[in-house]
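Take a look at the structures below.
Consider the two complexes below, in which chain A is the common component and chain B and chain C are the respective partners.
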Partner chain A sequence: MQNARTFTPSADKSAILWRSFRTATWLGWQIESNWADPFLFAVYSFVKPLASAGILVIMYSVITGGAFDEPIFPYIYLGNAFYIYVGAVMNGVSWAVIDDREHYKTLKYMYVAPITVPGYLLGRGVARMLIGTISVAITVLFGVIFLNLPLSITTINWPLFFVTLIIGVIMLALLGLILAGITLMIANHVWFLGEAVAGALYVFSGAIFPLEVLPAWIRPVGFVMPITYWLELIRRALVGNIAAAFPTLAQLSDLQLLGILSGMTLVFGIGALVIFRWCENWARERGMIDMVSNY
Partner chain B sequence: MAATRIKKNTGLRLFIQTVIGRAYPRVIGQQREKSWLFFDVFLPLIAVSAYVFVYRAIQAPQEYIGFVVMGGAMTAFWLNVLWSMSSQLYWEKEQGNLALYIIAPNSLTAILLGMALGGLVATTLRALAITILGSWIFAVQYEVASYWQLFLVFTLCMVALYGMGMMMSSLFLLLNREAWHISNMAQEPVYLISGFFFPIKNLNFWVAAGASLIPLTVGLDAMRQLVFPAGASLGFLSVNTEILILVGLSVLFLVLAQVLLGYMERLAIREGRITDSRN
Partner chain C sequence: MDFAIQTENLGRIYKLRSTKKQETRTLEALKDVNLQVNPGEVFGLLGPNGAGKTTLIKILTTLLAPTNGYARVSGFDVLKDPEQVRRRINMVSGGESSGYGLLTVRENLWMFAQFYGIPSKVANERIKTLLERVGLVDRMNTKSSELSTGLRQKMNIVRGFLTDPDVLFLDEPTLGLDVGASREVRTFIRQWVENDPSRTLLLTTHYMVEADELCDRVAIINKGQVLACDTPAQLKHRLQKDVIFKLDVSPLNGMDLHELEDLRGVNNLTRTQLEGGTRLQLLLEDDSILGAVVNKLTSHNVQIQNLEKREPTLEDVFVDLVGRSMEEVESGSNAH
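And then the complex of A and B:
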């Protein structure tokens, strides 16, 4: 046979992991973006987040008479904008299980292919993260242009912003892996699982209101969630003086918050791998890897 | 061997039988699968809570908390129309049932009507649960101005809304994978322009007038005017005007649903979309 390419299977685990991640990223992007022409896809990417922000802006405007200069407004607006990442990254990873098992019915093939499944799932989440990034950027830009959001390129603490963003995205992807593991184990309502978790985190992490507004007995829930610290750091990096106006985490320095966020991410990272493996074994033993519920 | 004769219904009897047959799984499914109590009540309650806490953070008057609870309950109907009416025929196509619907000697309109009635009953239960729980948790007070008007507004709103759902489902008949994305995209923008969490009066008049084509916009506005003491002062149009609009929308959407369904069914058959499943 002429011109045949030889394929040498790689024994290197990190090479397999990277290959799985890279290919899944490309696949995820194709799935997420090729259902429409680029214009419709662009509209889809910004209509939903802008509408969500619009609801909050009008609610705020109705009550305060359009007092967008008050510190609470950037607090709400930026928290809501960056919370897009939570839904995009966390659900992006776990949704791949639903998509592949229920919709495309290909999850079993992933398990027989020479790939690393966690790497594959994380890769599938990248596409949604990219779309989420576009949505966040457009929402923030809209706020700066039309709502006087006090954001200036010169005053942003860029190193803190990028470090926080990267740690946050990793943390959210690992939370997504935990959700993916749980999704493998259940048949009904997997569709709502990510939404339920993201919704609960939206309330308890003080994304769109300071934690002090919550009843005192619920507040501790917010303090054990890394997203609370992540959003606080993002606000401090972008609008430091305004973020300081709220007492929730005011007693902690940026470095302390970064330490807490990094520590929690590490704990969640180890936990995610252990939990995912356990869930995966559980699902294999009960024949749930290729289960189609048609639910 | 004596063959058993099956009594076959035709005409109106078949139509009614089809409606009941399609509504049945939606209503009975509620009884068999109790987990909806958690997912279908808990999820909207989370959204309601988030918006309630935002209003509290900016010290809004108490009636706005009531507006949010009511709006949150009504999201159940919009989600039902979007996901279980409009995109239902897409799901049926994906599962291979759509061709069976077409082959069977019954009317597709009857199937959609059955879906609407079944969905309406099931969703009313969810909305009621959200309203009761939300009102209890956030201490919402109601003062109903007219019970019969409230009943009339709700009924007309549902007729128009599910008529709209039937009409939209015929449009979705031609869609494939994009159906999911389009339904997903139609959630928040409708929450925004229909004033689910704030009085629609606060939008620009022409935006609110345009949004009134969605029955929930005027239905919700009229219901808020009827159940909250301060509702009337925050209403977009008078309740009587909104009732007239809802009557008009009900007729419009039911007629359009019937016409479009026939047209789209023929188009889908001609273009070979009935059994087409492009993932």
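And then the complex of A and C:
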């Protein structure tokens, strides 16, 4: 039998946040790496992104008559490759709500535990983010090797690339938290919510064509989305001369863009936490935290 | 001293979405619940299906907001201070197989200990001890998906005790367990509370025996209302001050039963004719009267073939309070 209390768990907020995040990361990795079928794992992380890149390349080739030397090709190809992160990270964070509530029936135990639920969900998303990283890397590598993507280790602005990547992942994770909150309020399976949102934002974020292609009245949607600035910075870091060929954000310096991205991440981040808290209360009032749809 | 659990006029109304758009029906799952549970108590909520037991546990564990009144656990308001409450509680529901099937029993438990901030070393020791106690230690490294439902439930019960909460909530802990396992769990619960008087345990059940054997106090709850709340002994005592004896005896040989009725302390006597004998039900003021009754019978050469003391059960108490047995209530509520 356990004896009297031998220690007191830390009640410090940052300690709680850290242990929620760390343990959830461990759990997420156990789940994601536990593919009963390694074949499925390969399909999910390599074949699927390569197939979608392949379709894009074929469509591009048909439409442009094989103009792979035009700057628009690396623009599209890289935008599409890095857009994989949008679905992977946003879904990774919000998916845990469904997974724990419906499948493992543990969400209520997580809520009863002294954890920070946003910290927990962000941790659960880490594994998906890493798998997403593999998909992105494979897709880019494929482009460099087989499609002459003008990417070279010496011309890449590595510091800008890593800073952008890290801020971007944080930004996407926080957007995922909003999705998680919405998921909490919906009783039925909404496994496609993350993909659906990612798909909807695809068009407005300059992922596969510059915003100038869109009618002027709809462009503001792109300009209020941090994803737009993030993708621009990624392109500038990887293929600076190509990015310069498109006018959308040309008047802004790298530093200005980084400032905008960081500022937006901060604003969206605070917003996401507020929204998540609000959704949580909504769910608690309606008894949905441990709701199992059973259908 | 602070109560471990305290509710005041606690109420919960569910909005039900009806298929017809016009009306939204509501369901009052809890109504004016006032409970005070002391530290060190094993407190039982006894009631039929749909009584509101789980709803009450969900409110007390911060999973569900009340629509009326308030509740405190370990001195903290469940609505205003959920973080404080969560640091001091844990909860297990029976009759469901929750947990991460891809993790082993040990990993599942270790992970939850991490969420509670318990150092790995302490956690691993506790896990081993607790698994030994429930006879699951040889399955420690089995994936929990490979456990039977009952064993999985045992793992979950261990998860509840593992974090050594001030207040532990168990929702139907023995639901679906076999007789032996249920008994083990009950013994364990008692010992856990007795080992440290600051621990409190609230459990729900619809087994009369469980409430009677295990709980220091029991609240009988039906249709969201607490009908009575007291020790099992007091609940039964309130119903019936006297003791009931059932005696099967050989033919009376013309003995006049008035001789028994006239004994001091015999409050009532009923007789039923049996094959080859008679059944007497005696209502006695207390146990000591029985000696005189037996003497009187043997002096007339009447042999006692069977003697049974029947005390009022919680079932009798429930019938007294609700007017129907729990079984009848449940089959009635299933019918709609």
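In this text, the second predicted complex is superposed on the first by the 277 of 295 C-alpha atoms of A that agree within 3 Å, B and C clash if a C-alpha of one lies under 4 Å from a C-alpha of the other, contacts with A are read in each partner's own complex, and residues count from 1 in each chain.
Following the convention adopted for this analysis, contacts are C-beta pairs under 8 Å (C-beta built on N, C-alpha and C of every residue); 3 or more make two chains touch, one makes a residue touch a chain.
Not measured: the values here are computed from a predicted model.
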Superposed partners chain B and chain C on chain A - clash or fit
fit
Could you give the angle made at the Cα centre of chain A by the lines to the Cα centres of chain B and chain C, to the nearest 10°?
80
Using the touch definition from the top, say if A:Arg277 reaches chain B (first), chain C (second), both or neither.
neither
Kindly classify A:Tyr44 by the partners it touches after superposition: chain B alone (first), chain C alone (second), both, or neither?
first
Taking the superposition as given, does A:Ser61 touch the first partner, chain B, the second, chain C, both, or neither?
first
Partner chain(s) touched by A:Tyr104 [first = chain B, second = chain C, both, neither]
both
Who does A:Thr23 touch here: chain B (first), chain C (second), both, or neither?
second
Minimal inter-chain CA distance - chain C and chain B, angstrom
5
Going by the contact definition given at the top, which residues of chain A touch chain B in one complex and chain C in the other?
104
Touching chain B in the complex: which residues of chain A?
35-36, 44, 47-48, 51-52, 54-56, 58-64, 72, 76, 103-104, 188-189, 192, 195-196, 199-200, 202-203, 207-210, 213-214, 294
Listed in rising order, chain B residues that touch chain A in their complex are 33, 35, 39, 42-43, 46-47, 49-51, 53-60, 64, 95, 176-178, 181, 184-185, 187-189, 191-192, 196-199, 202-203, 279
Per the touch rule above, chain C residues touching chain A in the complex are 14-15, 58, 61-65, 83, 86-87, 89-91, 93, 96-103, 107, 111-112, 114-119, 122, 126, 129-130, 133, 159, 161, 164, 191-192, 195-196
Name, in rising order, each residue of chain A that touches chain C in their complex.
1-2, 4-7, 9-11, 15-16, 19-20, 22-23, 26-27, 30-31, 34, 104-106, 108-115, 120, 281, 284-287, 289-290
